[in-house]
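In the part that follows, the structures are each spelled out as structure tokens.
Shared between the two complexes below is chain A, which pairs with chain B and chain C, respectively.
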Partner chain A sequence: MAIREDVLVVGGGIAGATAALAAAETGAQVRLLSHKKSTLRQASGLIDVLGAVGDNGTEVEPSGLVADPFEAVERLPNSHPYRVVGAAGIRDGLRVFDEAVGDAYAGTHTDRNALVLTHGGTVKPTARYPESVAPGLASAAEKTLLVGFAGLTDFDAPVAASHLDAAGVPFEVDGATVPFPVEFRDDALTTRLAKALDTDESGARRGLTDAVADHLDGHERVGFPAMLGDDDRREVRAELEDRLGAAVFEIPTGPPSLLGLRLEDLLFDALDEAGVRLSSGNPAVGYEAADGRIESVLVDRRGREVPYAADEFVLATGGLVGKGIDSDRESVSEPVFDCHVPHPEDRYDWSEPAAFGAHEFARFGVVPDGDLRPTDGSGDADFENLRAAGGVLGGADTAREKSAAGVSIATGAYAGRRAGESVTGREAEEATR
Partner chain B sequence: MSETPSVLVLGGGSTGCGIARDLAMRGVDVTLVEKGNLTHGTTGRMHGLLHSGGRYAVSDQASAEECIEENRVLRRIASHCVEMTGGLFVQRPEDDDEYFEEKLRGCRECGIPAEVLSAEEAREIEPYLADDIQRAIRVPDGAVDPFRLCVANAADAIDHGARVETHAEVTDVLVEEGEVVGVEVEHASGGGSADGLDSFVHGEPGETSELYADYVVNATGAWAGQIGEMAGVEVAVRPSKGVMTIMNVRQVDTVINRCRPKGDADIVVPHETTCILGTTDEEVEDPEDYPEEGWEVDLMIDTLSELVPILSEARTIRSFWGVRPLYEPPEVGSEDPTDITRDFFLLDHAERDGLPGMASIVGGKLTTYRMMAEDIADHVCETLGVDAACRTAEEPLPGSADFSVLREWMDEFGLRSPVGLRSAERLGSRVDEVLGEWDGPNPTVCECEAVTRAEINDAISQSGTELNAVRIRTRASMGNCQGAFCCHRIANELVPEYDESTAREALDDLYQERWKGERHALWGEQLSQAMLKHHLHATTMNRDGDPAATEGTVDFDAFDAGRAEGPADASTGDRREDAARGVVDGDS
Partner chain C sequence: MSDAESPQTTESIEPNEQRASPDPDFEPVSVFDDDSTMDLRPGADNCYKCSVCDTTCPVAEVDDDFPGPKFQGPEQWRLKRKDEGEIDDSIMSCSNCMRCDDACPSSVPLSQMHNAARGEYVDEQMDKLSVEYVRNRVLANYRTSAWFASKVPRLANFAMNFGPARWLMEKAMGVTSEREFPAFAAQTFREWWRERGGADASRENARAARERRGEAVDAEKKVAYFHGCYSNYNTPEVAKALVRVFESFGYEIVAPEQRCSGTPMFANGMLADAERAAEVNVSSFADLVERGYDAVASCTSCSMALKQEYPELFDIDGIDEVAENTFEALEYLRIQEDLEGQIAEASVEEQAFAYHAPCHARNQGVDRQAIELFRDLDGVVVEDVGDSCSGISGTYGWKEEKYETSMKIGGDMFEHMHDAAGDVGMTECPTCAMQMEHGTGYEIKHPLQLLEEALC
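Then we have the complex of A and B:
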């Protein structure tokens, strides 16, 4: 017998996880299909909701940095997925997220964005941030020391400190490069450093604070690239704070991103707890449909196509990075359901000559209707029971807007809830009949 | 005349650098000026083929003979810039038998070792060749790194007392009493380094200098006509553009040529970690400004897939265009640029135009750059009465002195062996100087191309804050990710010698330069990669909305300042919260 569920979510990233959690809240039986590791390991681990709104095609000026993302939603174009779910949808997405991660994240106390230090040495607006990031917010005027390691080329603390100074942060900031107390290969990854602190390998924690102490000199808080432990991160950070007598925080980094990896763990724990069934390791490659409804999604299991049946489906396979959107020299496509993806005919119109221009490719994705159902070229829903969430949706330039995770959780929650409700609602109808 | 005669060489490509080295080795006082970086023009924009001569064995036998001779010389003097891959001329069913025989005969007439392989034998060497190929001719083609070669020539010229001036554009040729006596240059910012391999940039941006010399050599390639114009003589170069498309891996390990008379898209050159597909041949008006079009890229992929079918499915990482400095004597008058000889010409303006003091060098190709340089240096020395023999064919370039240096790099310099091996291949005999003398941790900065901090810093000491010059010396940021993971790391290496804002500008320049070529490869895997790069730099680092890079200021108080964790500190958090709210309310 085919595997059968109420709701099948395709895609194991942040959008898929949120969709599955929201669907499960309605009482539906949910399965989540994921193929490869999600792109979270490449993401910062921050939940950006909406950090910048610029006029289309122009540079985003600092004045365009958004303090209140809810108010700024109105300034987005009509084709933006936020215009479908509205500020209420964003709030609901954040609620699902907040409940999933609990006190591992901060930012719930206000509607306003926080400014977080980036490993490139600038600041960025974000709505939710890991608790280890919280003591380092740029709005808090505390004398700050950044600490980097000689082998870690991705983060140079003195460079980041001067850059922050040039960005006009309201505090004094200095940078110091110290040797990591345990000797590794010269270019050991942050994940390896984190492990050494977790297990306090060769007294790594004390060694680290001894090395930093020489530079402390009245700094009220000390920022490290995100590598302060993994499993025992709270203990690591508490011990460092205790020894240094200063607040200690982490700065999100590029891949492999420890904060992204931790978020992935948090979300999968929440999915477990919500009773969502997981199938991972195999790609969705097609579907079976009848009468305008999807009946099953076909999963390629070592060359054999296995159908996963459900009543409702959520497509959350990601954008160009996650391969939810594919392209060749002529066209752009959505590979699982072959949904319509609008794009300029000439591939040279997909991008702009300026590296940080308003690239058309950044907005590639399926076009949702008012219920987040992908539509064909003429605005009609492709399938009655297929909704889309996250990066696979078009119309948002999430990199420029600083909205990637926000779009994922808001549309994920919306699509998941609608999917769940339409199953549980129908079941209720059948029971009364 | 007892003073050392002085020569100005215009153009920092392979020819110009080769001439500077040759003359400096003969004891002449040489200054080389280049408007951009070394290799800025044609040299930095070629497919890296070290010709065996096979390509010209039918159409242009004089060039073919020069190629095989210089091919042997470069293997000897520039071993760290050359990879002897070997090459195949492959015949498809629709390609002419007679031409195949002619090619084979031509190679033998020109002294190019050539052997016929059956289709099976050819596929044993290159398994991805198309099923229907007929046969092939094997010749000693190779791959050459034009950047490394050019820089090594410049470095050796400097070692022999030459002065090299990059980012100095010639704005006038100085003619006094009917004789060329020098040039005027305008300096631009190139971020020259204060020490190391001397500074390549000596003037302040916007400043002009007049440089005088006993003789001027115009080695500006496709730009030679413009220099000629400044001197009042006509140099009718015919710039011809060609596209090259870079693949993300080496689909082939030998040079693959199509065995037919001529045509676009007929060569694949394995180059370091990539393959380069080439090319087209189309005359353009302006060597600086010509269209770079998508159909040219498509043509490379579609046509070369006939020889190597997997290319149609493979990932390209960028494309670039170069301009050949073609020249033919005015009386020939070829219509089609592919008919123009690849031979080079020395135009002595005294003899030709009655203007003493200057010669122009036009035509030619990278493989024969040294021979060209020798000819010109002979001419210059004869004119100036210098009696010294050319030594460039015997004396190895810096880095190629002793290529028995491939040792156990892992033990030697604490590097993983593949990284050490790549560095050693790039550095040749300079490996001890660069890696061995590096003090401190030596992490990999560019992972795609396995470039370590020591190499980056060595390149910075040679070229300063111009990260594109660092790039061409090291290959950092030239791999699959096109700088996504390493541009900012490379820029970080500039500090503390330079300040943070200088490093930031250098980063922006490098990032934009990488983007320019990547735009020609934006589909499939590479579009996915480009999106990841965009996310890393725009989202994770917020480089596009960076307050430090823009005029306005951020209202920090309008943003969340966090909330203190413990109840004891709750009041602090509330206070911040209230203060910030006040600002927001006040604004509304």
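Then we have the complex of A and C:
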């Protein structure tokens, strides 16, 4: 087996990236394995830690928004991944994240959640947000103008503004739709819009501010869908602010999400910097094990299975959407290591009638022990050297709790650090012998 | 492989003939497992329109008129279900870089759908007497021109870059006169290989190497080399490097009969040409695979074709066995040998490279290996010039009407190459190398050449 590392992380999302960074911090040689391009491209780019939690610890019923996620962790059920890593684990995850992204993100100054405006016209509690989002927080009582682009159907600024108004935000908010200053074909790619502002194609920046000026009317800040430039985004926003004489901020969008794309770039640059090896393009499909330890993960390169060996492994393949958890009409499973995934026998019990109900399926996933190792049906760890992180872990309804990125970075950092320490600790022990 | 079913019969991708004598039972939309035609429906149904593929498409990035891979794949497939539906001619602007495959979180077989749509467009809608068709056919069948040229390499090198001739080629054929044609080698790889003693000489060399390495002298270490056209006719030094490196690890090499991998034919929708080439390649490599050989390729588009496109598009005896046992050359050594260890002990003269990962290397998951491996080679700095496509995509950048798009796509790469410390480029793909040289004037090497320098 020629391909060998100290730590192999399976999964290229935010949990896998954080795990790989945390493992690399310990001095271990790490490889991050992912099947496809990172799913961060579809993520909002926000780092939600915990936005809503039920009053009675067993029901994940979002009865109200959470102001301080660290304090609220105690109220989560015992089966929640946050209960394994605790508030200290969340802080360590945020530390790894903050160091990776540097000043591209804001929110480090407080433990309390920030309230970010969404493109649907709601307010979302989050712990870290891109610096371009920062001037738009709902907590600042500034007269706000939301601007959408004609033909860009994903964001309707007047509708979003009236939603926010109805939600009772503490400021006046209006919406306006303007034509984008450069003419593209219908249904143009959002990346094209960003690029046009980036390169100031046909005077796009001036054209945009000219179009917005008619609607400005005393507004102190102006929010655009998150496509204000790419490589030169700081320059773009500064110029718009300068021309408008108002603060300019970005509103996170659905996929394809520029904020998600930028976060992907930030994290993968950090991985590169940390000397993490990256392999993507082929799926992990199985493993080889002996004496309760995994020896290698088998990667399917179009028919031929190639072993990737390591001393320690982190499973960070995601949940039902990321395909880390699989299901058919009979059962729910974890496809790489075939870890135990508890679920009701009758599949009609997997979901609730209400679309946004407390679905059982949302909490499907592997059951970790106190060291985040997936366990079999009787509570024993499946393998001594396998830990799990992120969406593949069961017990969290991340959509309702608004905790997806937080669970990923907290458990990713924990699993990665423990994996790295197991290797470097063993190496240190061998060295002293 | 993708979620879509592989074809059990080849008729379905040659609709021309099929439509001429319509089978009354032919049902293009198949939902049942027992149907034996290529069924792209599960692939189309998997698309949940997140549009991430569109954000990775290098053509869509610079050409606003190009509707992107989501349209070319699942959306076009659905539109075709309607009566009289035609393939949109924008399919010919897809460069077949296959990046969308790698971007899709839902395993939609985008490039397979694009290849099928392009094949159908060329077969049914393109005028066979048009300059575009003839030009594309000539470009796609590069091997034929190269074979002629290799008989008189000096004359060909002169004639192919002779000003008035190039002017005429652009005006009459639509082949851009902006590019210089790659030079043909005075001696092809195969001529060199025969002169050197072919497989017998290789067996001797490999035995000697195994002995030197302390391995079992009669160990089963044998590979069949798919050198492709370019390293045969244009850059035999790459092919020779592969031979020397593999022999130094104790591998016996054979260079079986082979045609073009089909890559330029897929990209031009000439699926019948591609299938003819694939039949020769599969039949010649399947025998060897059965006898315990693994296939290795030095060009990432060739290995891509054998590994993915063949089984996705054609039904040929032994095709799956060949696909399963085909490897990119460096990838193969990484899997089989302690390449890392040997490189850590080696050293070469100080040099710096600007490395570009070809799109087809990305899809095979081998885009980072040159950077990773040479990190530990004493004397060498290899810098990644970023993740943009080079823009040439084989024959694409040779077309007069695509030249500008091609150079726009490559813009980022040229810039990063200039910023990198080295003034020698490195890549696995021969046409990426052409584009890198064209945009920067740098000499371009293949990772195998550096490996040869380090280990042989």
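In the analysis below, the second predicted complex is superposed on the first by the 423 of 433 C-alpha atoms of A that agree within 3 Å, B and C clash if a C-alpha of one lies under 4 Å from a C-alpha of the other, contacts with A are read in each partner's own complex, and residues count from 1 in each chain.
Heads up, the rule we're going with is that contacts are C-beta pairs under 8 Å (C-beta built on N, C-alpha and C of every residue); 3 or more make two chains touch, one makes a residue touch a chain.
Source: prediction; values computed, not measured.
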First, second, both or neither for A:Thr110, with chain B first and chain C second: first
Contacts of A:Asn282 with chain B and chain C, given as first, second, both or neither: second
Touching partner for A:Asp156 - first (chain B), second (chain C), both, neither: first
Partner chain(s) touched by A:Pro81 [first = chain B, second = chain C, both, neither]: neither
Touched partner set for A:Gln42, first chain B, second chain C, both or neither: both
Which partner reaches more residues of chain A (counting touched residues only), chain B or chain C: B
Which of chain B and chain C A:Lys195 touches, first, second, both or neither: second
First, second, both or neither for A:Arg185, with chain B first and chain C second: both
First (chain B), second (chain C), both or neither touched by A:Gly365: neither
Residues of chain A that lie at the interface with chain B and also at the interface with chain C: 39, 42, 185, 255
Residues on chain A engaged by chain B in the complex (per definition of touch): 39, 42-44, 48, 51-52, 59-65, 67-68, 106-107, 109-110, 112-115, 118-125, 131, 134-135, 137-140, 150-154, 156, 158-159, 162-164, 166-170, 185-187, 252-255, 257, 319-321, 323, 326-329, 346-348, 350-351, 353-356, 359, 361-362, 398-400, 402, 404
Chain A partner contacts - residues on chain B that touch it in the complex: 294, 298, 301, 414-416, 440-445, 453, 485-486, 488-489, 492, 495-496, 499-501, 503-504, 511-512, 514-516, 519, 522-524, 527-528, 530-532, 534-548, 550-563, 565, 573, 576-577, 580, 584
Complex contacts: residues of chain C adjacent to chain A: 1, 50-52, 54-56, 60-61, 64-65, 67-68, 102-105, 307-308, 311, 320, 323-325, 334-340, 362-368, 372
Chain C-facing residues of chain A, complex: 2-3, 36-37, 39, 41-42, 184-185, 188-192, 195, 255-256, 261, 277-282, 299, 301-304, 306, 322
